[in-house]
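Okay, so subunit A shows up in both of these, paired with subunit B first and subunit C after.
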Partner chain A sequence: MFYLFSGIILICSLLTITTRRILRAAVYLLCVLLATAGLYFMLNYQFMAAVQLTLYAGGIVVLIIFSILLTHHISHRFKHPDLTKLVMGISAAAIGSGLVIATILSHKFVPGTAPELPVNMTEIGNQLLSTGKNGYVLPFELISILLLAAMIAAIVVAKKEKNKNSEI
Partner chain B sequence: MIQGIPLEHFLIVSTIMFFIGVCGFIIRRNLITMLMAIELILNSVNINFVVFNRYLYPDQLQGQFFSLFIVGIAAAEASVAIALIINIYRKLQNIEVENVNEMKY
Partner chain C sequence: MSSNIYDFSKLTGSVHAWLSGLMSSGWVTFTELVLVGLVFLLLYALLGLFLVYLERKVCAIIQNRIGPNRVGKWGIIQTIADLVKLLLKELIPIRKSDPLLFNLAPFIVIICSFLAMAALPYAKGLQAIDFNIGVFYVMAVSSLSVVGILIAGWSSNSKYSLIGAMRSGAQIVSYELSVGLSLLAIVVFTGSMQLSTIVESQANGWWIFKGHIPAFISFVIFLIASTAEINRGPFDLAEAESELTAGFHTEYSGIKFAFFFLAEYMNMFIVSALGATVFLGGWMPFHIGNWEGFNHIMDFIPSAVWFFTKTFFIILIIMWFKWTFPRLRIDQLLTLEWKYLLPISLFNIVLIAFIVLMGWHF
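== the complex of A and B ==
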């Protein structure tokens, strides 16, 4: 099962950056995100997988597809990238991934022996809003402010200007 | 450990996915495709966090919370980036990176 999911992830992420039609790239990205949610289900993190499905696969991909439809003709095809960029990109990716994989394989990971914490919604909610040990209330509040700021910024930036004289 | 799959296999998959994202960011000249490459990169980092949490510290939830926050930040980033892209398209009628040099001083 894991190898099926990782095969989908690798093939679809390669296709995402090599396909010449941008709408197909978005659909391949959707496949990658769904297979990642499958990996989270396999690791028994149901809440994380649900967040991945709703936010990433449901929200971000829909947003990307909307913006593609607003800014492209549907039959638009990319030109091939020029050769120097291709060589640079592939060599950077190959060298980097070779280094990182060599480091991973040479390091000895010690698996944790502690008893497994049952991940249920009560536990997640308590830890997310507690201020004591294992509490995450500060990043929770920070990200709420960040989301509010991003929402206002998106509205202000994408708003059509009424006339040239009025300042925002 | 989990169904006999070692930790390294997860890490190798996420590493390859990360560098596919980097490669796509370099070779593509379209703003939306570059945004998709960034989503690939963030997603691979998420896999790393969750897998380390499950295999190395199964009695805590840090990795899961960090990937939750990364998903939130990715959503904010995508919304702002798409607002910018639509505004650029309105001004220039295309979204290739080479043409977005009007802000150069």
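== the complex of A and C ==
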């Protein structure tokens, strides 16, 4: 199963960047994210898998598809990129992946001896809001404030639009 | 208390033991996968056909008509005849469409509803997967079907489909919030997202009774928001016949159209089953506090009967909605969600958290 999922991830990632139709790229990206969720399910980390499904597949990809729907026509095709851009891009990708692979290969992985812990929702919730050791309350609050600011900003932007055309 | 309810895990356990005696463990797992798959496929097809028939009959009764009555007794084979007709129909390829995505979209929609069905508890001990995040899983999976609808609308290269898909996307994405928040209300009461735990916690009374008025409010919000999320009337803007011919599936024909149609009805079933499980106790019989005798009598009705009765009760309410209320405009639809339902459900969550904190619920 692992090879199946990783195969899907690899092939679809390649297809995402090689396809010339933008919506197909979005759908291949969706496949990549779904296969990643499948990997999380294999690890028995269902919470992470469901978050992956909701946030990435259900949220971000839908947003991407939505914006494509608004801006692109179906007959639109991307041109093949210039040779220099292609070479530059491939070399940058090669250097990046080379670094990552070198790091992974040089690191000695020791199989964990700790017993498998059940991922309990209550524990995740408590850990997220705990101020003690390994508590995540500070990042949690920071992200909440960031989100609040973004939401207020969105409302402000929407309000300006509303004043311009009084129709809606 | 509910000891004499038949436990289906005995049946599945004996099947497992029988198979284990016949073959090695790898093959046992494989055979069980195939068996479970076949059962779900059968359930899916039969329920889909029955729901279409039920919808036509309910609609007919509400509109003072007779409904299908020619094929079979009370027209009961009508939907099977329709299915055969749909299977035989020509699949029309659209020349200027995106063929890959055009063919992919129905499958995305139908796979999502299959995935959601897997986590529902049908009877005591009868549940394919019991995730510890059951409610969240069902929400996550059902939120994916909007991708299928958006792709279907875009790839058929027709303005009706595109507008239908856009409307449906905006609608599903916004109403998902209310569905999630109203389910969260019961999750706060139970303290668990596991569907089996939620059902077990209702052994001494369903949450809609135990949770005072806030639980009832969230049940009503759940009904409204889930009706909108499955694109059914009065929120069926995505396929408003009078303006958009058939919305996002205008260009689909034959069995591909049937897939969308079936998935829509099955989504209705899934939503109702989820509502029945979370608010109305799922397969748990109707129990009142400490009335041992009464509870004992109720236990004699099989748990699957309880589950399907409650589910069909909610389905009938949703159908009643569709044939009673006129269709909303898109701006009314979004106003209803963002200005009314969402603030109410947010306030409701705070109220419920307070009730749970003070220990006022039963």
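Throughout what follows, the second predicted complex is superposed on the first by the 151 of 168 C-alpha atoms of A that agree within 3 Å, B and C clash if a C-alpha of one lies under 4 Å from a C-alpha of the other, contacts with A are read in each partner's own complex, and residues count from 1 in each chain.
Quick note on the criterion: a contact is a pair of C-beta atoms (placed from the backbone, for glycine too) under 8 Å apart; a residue touches a chain by one contact, two chains touch by 3 or more.
Predicted model, so just to flag it, every value in this text is computed and none were measured.
Student: If we overlay the two complexes on their shared chain A, which of subunit B and subunit C does A:P115 touch? Say first, second, both or neither.
Tutor: In the superposition, A:P115 touches subunit B alone.
Student: Between subunit B and subunit C, whom does A:I143 touch in the aligned arrangement: first, second, both, or neither?
Tutor: first
Student: Count the residues of subunit A touched by subunit B and by subunit C, then name the partner with the higher count.
Tutor: When the residues of subunit A touched by each partner are counted, B comes out ahead.
Student: Let me test your reading of the model: by the given contact rule, A:T131 touches which partner, first (subunit B), second (subunit C), both or neither?
Tutor: Neither partner.
Student: Applying the document's definition of touch, where does A:L69 land relative to subunit B and subunit C: first, second, both, or neither?
Tutor: Second partner only, subunit C.
Student: According to the stated criteria, A:R24 is in contact with first (subunit B), second (subunit C), both, or neither; which is it?
Tutor: So A:R24 only meets subunit C here.
Student: State whether A:Y45 touches subunit B only (first), subunit C only (second), both chains, or neither.
Tutor: first
Student: Given the touch rule stated above, what does A:T84 touch, subunit B (first), subunit C (second), both, or neither?
Tutor: neither
Student: Can you list the residues of subunit A that touch subunit B in one structure and subunit C in the other?
Tutor: On subunit A, the residues that contact subunit B in one structure and subunit C in the other are 47, 51, 59, 66, 68, 70, 119.
Student: Taking the complex as given, what residues does subunit A use to touch subunit B?
Tutor: So the residues of subunit A touching subunit B come out as 1-2, 6, 9-10, 13-14, 16-17, 22, 25-26, 29, 32-33, 36, 39-40, 42-45, 47-48, 51-52, 55-56, 59-60, 63-64, 66-68, 70-71, 78, 81, 85-86, 88-90, 92-94, 96-97, 100-101, 104-105, 109-112, 114-117, 119, 123-124, 127-128, 134, 136, 139, 143, 146-147, 149-151, 153-155, 157-158, 160.
Student: Can you tell me which positions in subunit C touch subunit A when the two form their complex?
Tutor: Residue list for subunit C touching subunit A: 96-98, 100-101, 104, 131-133, 136-137, 139-141, 143-144, 146-147, 150-151, 153-155, 157, 162, 165-166, 169, 173, 176, 191-193, 331.
Student: Can you list the residues on subunit A that touch subunit C in the complex?
Tutor: 21, 23-24, 27, 30, 46-47, 50-51, 53-54, 57-59, 61-62, 65-66, 68-70, 74-75, 118-122, 168
Student: Over in the complex, which subunit B residues touch subunit A? Could you list them?
Tutor: For this pair, the touching residues of subunit B are 1-3, 5, 7-13, 15-24, 26-30, 32-33, 35-37, 39-40, 43, 46-47, 50-51, 54-61, 64-65, 67-69, 71-80, 82-87, 89-90, 94-95.
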